[in-house]
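Dropping a structure here in structure tokens format, bear with me for questions.
Note that the chains take the letters A, B, C and D in the order they are written out, and that residue 1 is the start of every chain.
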Amino acid sequence: MVGFAVLGCGRIGRMHALNVARHPRATLVTCYDKFPETARAAAAETGAVAADSIEAALAHPEVQAVLIATPTDTHVDLIVAAVRAGKAVLCEKPIDLDMARVDRCWNAIRDRDPLVMIGFNRRFDRSFKAVRDRVAAGEIGAVEQVVITSRDPAPPPVSYIKTSGGLFLDMTIHDFDMARYLAGDIVAVFAAGANLIEPGIAEAGDVDAAMVVLRAASGALVHINNSRRCAYGYDQRIEVFGADGMLQAHNQHATTVEGWTRERTRSRDRVEDFFIERYTQAYNAEIDHFVDCIEARRTPLASFAEGREALRLAEAALQSLRTGAVVRVAR
Amino acid sequence: MVGFAVLGCGRIGRMHALNVARHPRATLVTCYDKFPETARAAAAETGAVAADSIEAALAHPEVQAVLIATPTDTHVDLIVAAVRAGKAVLCEKPIDLDMARVDRCWNAIRDRDPLVMIGFNRRFDRSFKAVRDRVAAGEIGAVEQVVITSRDPAPPPVSYIKTSGGLFLDMTIHDFDMARYLAGDIVAVFAAGANLIEPGIAEAGDVDAAMVVLRAASGALVHINNSRRCAYGYDQRIEVFGADGMLQAHNQHATTVEGWTRERTRSRDRVEDFFIERYTQAYNAEIDHFVDCIEARRTPLASFAEGREALRLAEAALQSLRTGAVVRVAR
Amino acid sequence: MVGFAVLGCGRIGRMHALNVARHPRATLVTCYDKFPETARAAAAETGAVAADSIEAALAHPEVQAVLIATPTDTHVDLIVAAVRAGKAVLCEKPIDLDMARVDRCWNAIRDRDPLVMIGFNRRFDRSFKAVRDRVAAGEIGAVEQVVITSRDPAPPPVSYIKTSGGLFLDMTIHDFDMARYLAGDIVAVFAAGANLIEPGIAEAGDVDAAMVVLRAASGALVHINNSRRCAYGYDQRIEVFGADGMLQAHNQHATTVEGWTRERTRSRDRVEDFFIERYTQAYNAEIDHFVDCIEARRTPLASFAEGREALRLAEAALQSLRTGAVVRVAR
Amino acid sequence: MVGFAVLGCGRIGRMHALNVARHPRATLVTCYDKFPETARAAAAETGAVAADSIEAALAHPEVQAVLIATPTDTHVDLIVAAVRAGKAVLCEKPIDLDMARVDRCWNAIRDRDPLVMIGFNRRFDRSFKAVRDRVAAGEIGAVEQVVITSRDPAPPPVSYIKTSGGLFLDMTIHDFDMARYLAGDIVAVFAAGANLIEPGIAEAGDVDAAMVVLRAASGALVHINNSRRCAYGYDQRIEVFGADGMLQAHNQHATTVEGWTRERTRSRDRVEDFFIERYTQAYNAEIDHFVDCIEARRTPLASFAEGREALRLAEAALQSLRTGAVVRVAR
């Protein structure tokens, strides 16, 4: 059994706490939140003990693994503290908004050969993983094009936008990682953005929709489309086109029911939203993979280095947005 | 070029006249209807000449083929007259409502080894034919179950019901033929009916919905479900289940468009109705096959004998409806 | 928290034990199997204590609820014993193979107004339940036809068939219950069977495929088709056709991935098999509903009476199979 | 009846000749090809008369409409000649590879207020048109994103590539027009290309795959992806995403049949290829619209100006490909 501390018990932290508590090879030892009541609620729900401080949580002798679900600007410090305390780390994305801080973080921990995994949950989605595995098995030949559709049901509050790093760092970061997951290393980035949805987002200096084109080292092209609003739910699709065929992972619906009426036929439910519902299976598989990596001392599928690469693509996209030109991404 | 006379220029006769006129190896020579104006309208539309009488149409030296689309009670006499005039015949279903009359008709023409085809248009539907061809090619192994769904968009007028021979002779006759097309000879029939839609149909002594179970000589079971009303269009589906898999032919929609909104996703158009729109391709392929058979002196896929077999199943279904028991169908 | 004893720790009993153990408002107190090792394995897996005897399990003071997953011929005695011990009961289907024994069971417990639920898991499937709820909400008007497709991936061993009561009691019993769930009370039954798959099943006096037609008190017709073998997985579909439209619940696939290649397009995975995988959500919701009923003293959605009604339909189907005629089912 | 001359009787010219010949309000008067045998074959098939020269064809008193399906470099001269002869013109795309020649052409004919239509057949595809009409009716609110997938089954010979003007002028030109059809005027173009398929295409200085991003005057973003090779057929899809929902037009398959086997389920046929099969309905509707415009003296949906706009976008894409930067498209 792997003992866990969960730091940050907001929406996603609480979900992780429950997933850890239910995992057959994990125990939730303790959880912490800067609002003690939030920590106590999560503790009560899971049978864990609320920690009084981060230090107490990290010092707990039964804690082997630390799950970081606190605000982004605290990530790098917590990663360093946890690694120094000898823990394995699973940290929510992004590592940080600033590449220099990310690199300092890594420099501070690299000598310890730490087990740090970044929360790119989509890598663990059964359908996306099946696409990757089938591509790897050669089912569609060499990958030539990838199309990633990723649209949130509704924009977050503008206040959140302001500290989020903007669309590319906050939202597209997942898609940049999926691009790498499916097409490998990326060498060039072009990004176009738009303000179509929420004037406050424009005022905050961010875009609320985007279309990105990436070029992979393999020569494959990747398209990402994003929107901060999607009437029919949380639109999450992948298409990989290869020399010998295509694989598509479609949206998920809560039921398989089709309705047929005078007006229309074969109607399905709305698409499942939001991420906690849509990626239930993936979040559980993510914990499972992390536990596997701890038990077997393996490098996680979504490593610190992967988290850094996604951030580089987000930075390049921001630069492309500003210049209207392709940005080369050297390794 | 095969010269045609079309007898009966109502809805379906007029459609056939147009299809013949457009066929590259057929010419519409003449058309006849008991209402001269109807014949003249069809003639004007197709460039043919309206005939003054059936006799004149059949006597026309350029007419090799006669297409009979008149009311059912005239079919057998017209078949006999056309065959005696040396013509090939394509007659709309059913041959007649009465088996004795059907047999007398055949006895009157059999010595001439006539080319008589019955209008089981569904045999020529591209999707249904693909199912049959793929079954024949062994794709799903031995056929074990067939499910035929056949629901009309709206009931015909009660006045029509009264002379139609009832649901089984008028509507299910197509499905009986499809059952034979897909599962081969039938040896037993069970039918249940219901009156759920139009009280006038019950008053006319007919049912407006039915579920039928057939047993094929091969041992396969067949289910047919029928309804005289279908809110979402003309529901025409086939499922063939075999030892190694299943083939389904689904409904057709006018476009491939899917709509995604707040309320529902993946919504398609209504199903195409009615038969003239749904079976456009099949009706054209039916004419094509008939022309092929005339040119090559081949037996049509939907022969007089097939028409007689479908009628036998309809009669057995009627008897089963009355008795509540399975009716054996001897060959 | 509701304390549970699970009796019978074979495949389905073990699954239930795990589901109970994971349920937030239930505790698995003890489990029993006639093979002590089987009980110990289930206990180890769930943190429960293996009971030495049924008596010990039923006598445990923390046990409020008994889940019966033992062989069918033990069900009625265990139901009586558990109810007499003051427990709520969730018993796997069928209650028994013999109506007289079922009725004696009920007579022995009825005075206690017992909470007895029968394991008709499909009533709790999210998609089937959505169909029922949407029908109840009037979305498709009055129900006119129901088509239930239910095909197992592969036949059980012939030895099992011999004690199972045959296709209708063992397998179709679920479909009879779904028929009632969707179309209400049934008044007439017709059944046709076939032997197409496994000669040993015929030798055991059973059929391995069937088509059934039911008539509901409402006038609606219901079709059930069954097969003991299905190449593409566990085929579980529902279609409800009403005056104003249709609702279909389709098969489930492990992923949403579609494959496109030279040979074919839009290919999905095999259908999930078998029942434990296909109905994971339903089995959990079943426990949830049972716990709700215990906590709120409500009558379960799948009561003893519902179990008895499904058995009556199975018996009527057997009789129809023998006689080739419709069997009326009086209330 | 509108009398037609068809100039150029290669694959697409011959198809147009047949469509004109079958159209109820059109007559194919004459057809011309620089290979007299090709013209004679088309004439024989349609009942038209082969013309000895373009001059003879244009001079024919019964010819009101000229359909130009000759090689691209002859288009502008033939448009001018036909307009000067007082004819309406339907010219295949692109008008020309060179904008200066296009503008000279227009200047030479504009005073005559000519009826010139460009062969953007996809505007007449029933599904794409339904998307446009439903967008116009407000079904999905303001258009925010358009995704156009357009992949040919197999690359043309390299010899053809060399004179074709390259991917953007030869193939993407259709997609540029669709972008305008669905999102309105375009103000900026970014294009990325790749050489993944056919080395000869790279040697000819062209790309064989591309991803393009356009910005519409409305603010909407458009993505086009192209490939010269597609294993599963002729991939032609449209997705329009708006403030209130999404409309997708999917690929077409020859049948509605789904196959279910041990290995996979719900498999459809390959996608229909190539353009003549896929766009049968659209090509006929195109002729129909052209005849309508002639009869009613209306401006065609795909006018000379539209053809010029698509060419401008293709030129901008070429420039973006060279520079790696967004190209603004002034009006």
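Methods note: a contact is a pair of C-beta atoms (placed from the backbone, for glycine too) under 8 Å apart; a residue touches a chain by one contact, two chains touch by 3 or more.
The model shown is predicted, which means the values in this text are computed figures rather than measured ones.
**Q** For the chain pairs B-D and C-D, which is connected through the larger number of C-beta pairs in contact?
**A** Top pair by contacting C-beta pairs is B-D.
**Q** Using mean Cα positions as chain centres, tell me which chain lies farthest from chain A.
**A** B
**Q** What is the distance in Å between the mean C-alpha positions of chain B and chain D?
**A** 40
**Q** How many angstrom lie between the centres of chain C and chain D, each centre taken as the mean Cα position?
**A** About 57 Å separates the centre of chain C from that of chain D.
**Q** Enumerate the residues of chain A that touch no fewer than two other chains.
**A** Counting only residues that touch two or more other chains, chain A contributes 140, 231-232, 244-246, 251, 259-262.
**Q** Write out the stretch or stretches of chain D touching chain B in their complex.
**A** Residues in contact with chain B: 22, 126-127, 130-131, 134, 139-140, 244-252, 254-262.
**Q** Mind listing the chain A positions that touch chain B in their complex?
**A** My answer: residues 231-233, 251, 253, 259-271.
**Q** Taking the touch rule as given, give the residues of chain D at its contact with chain A in the complex, in rising order.
**A** 140-142, 144-145, 147, 149, 151, 188, 190, 192, 194-197, 209-211, 213, 215, 219-223, 225, 227, 229-232, 235, 241-246, 323-326
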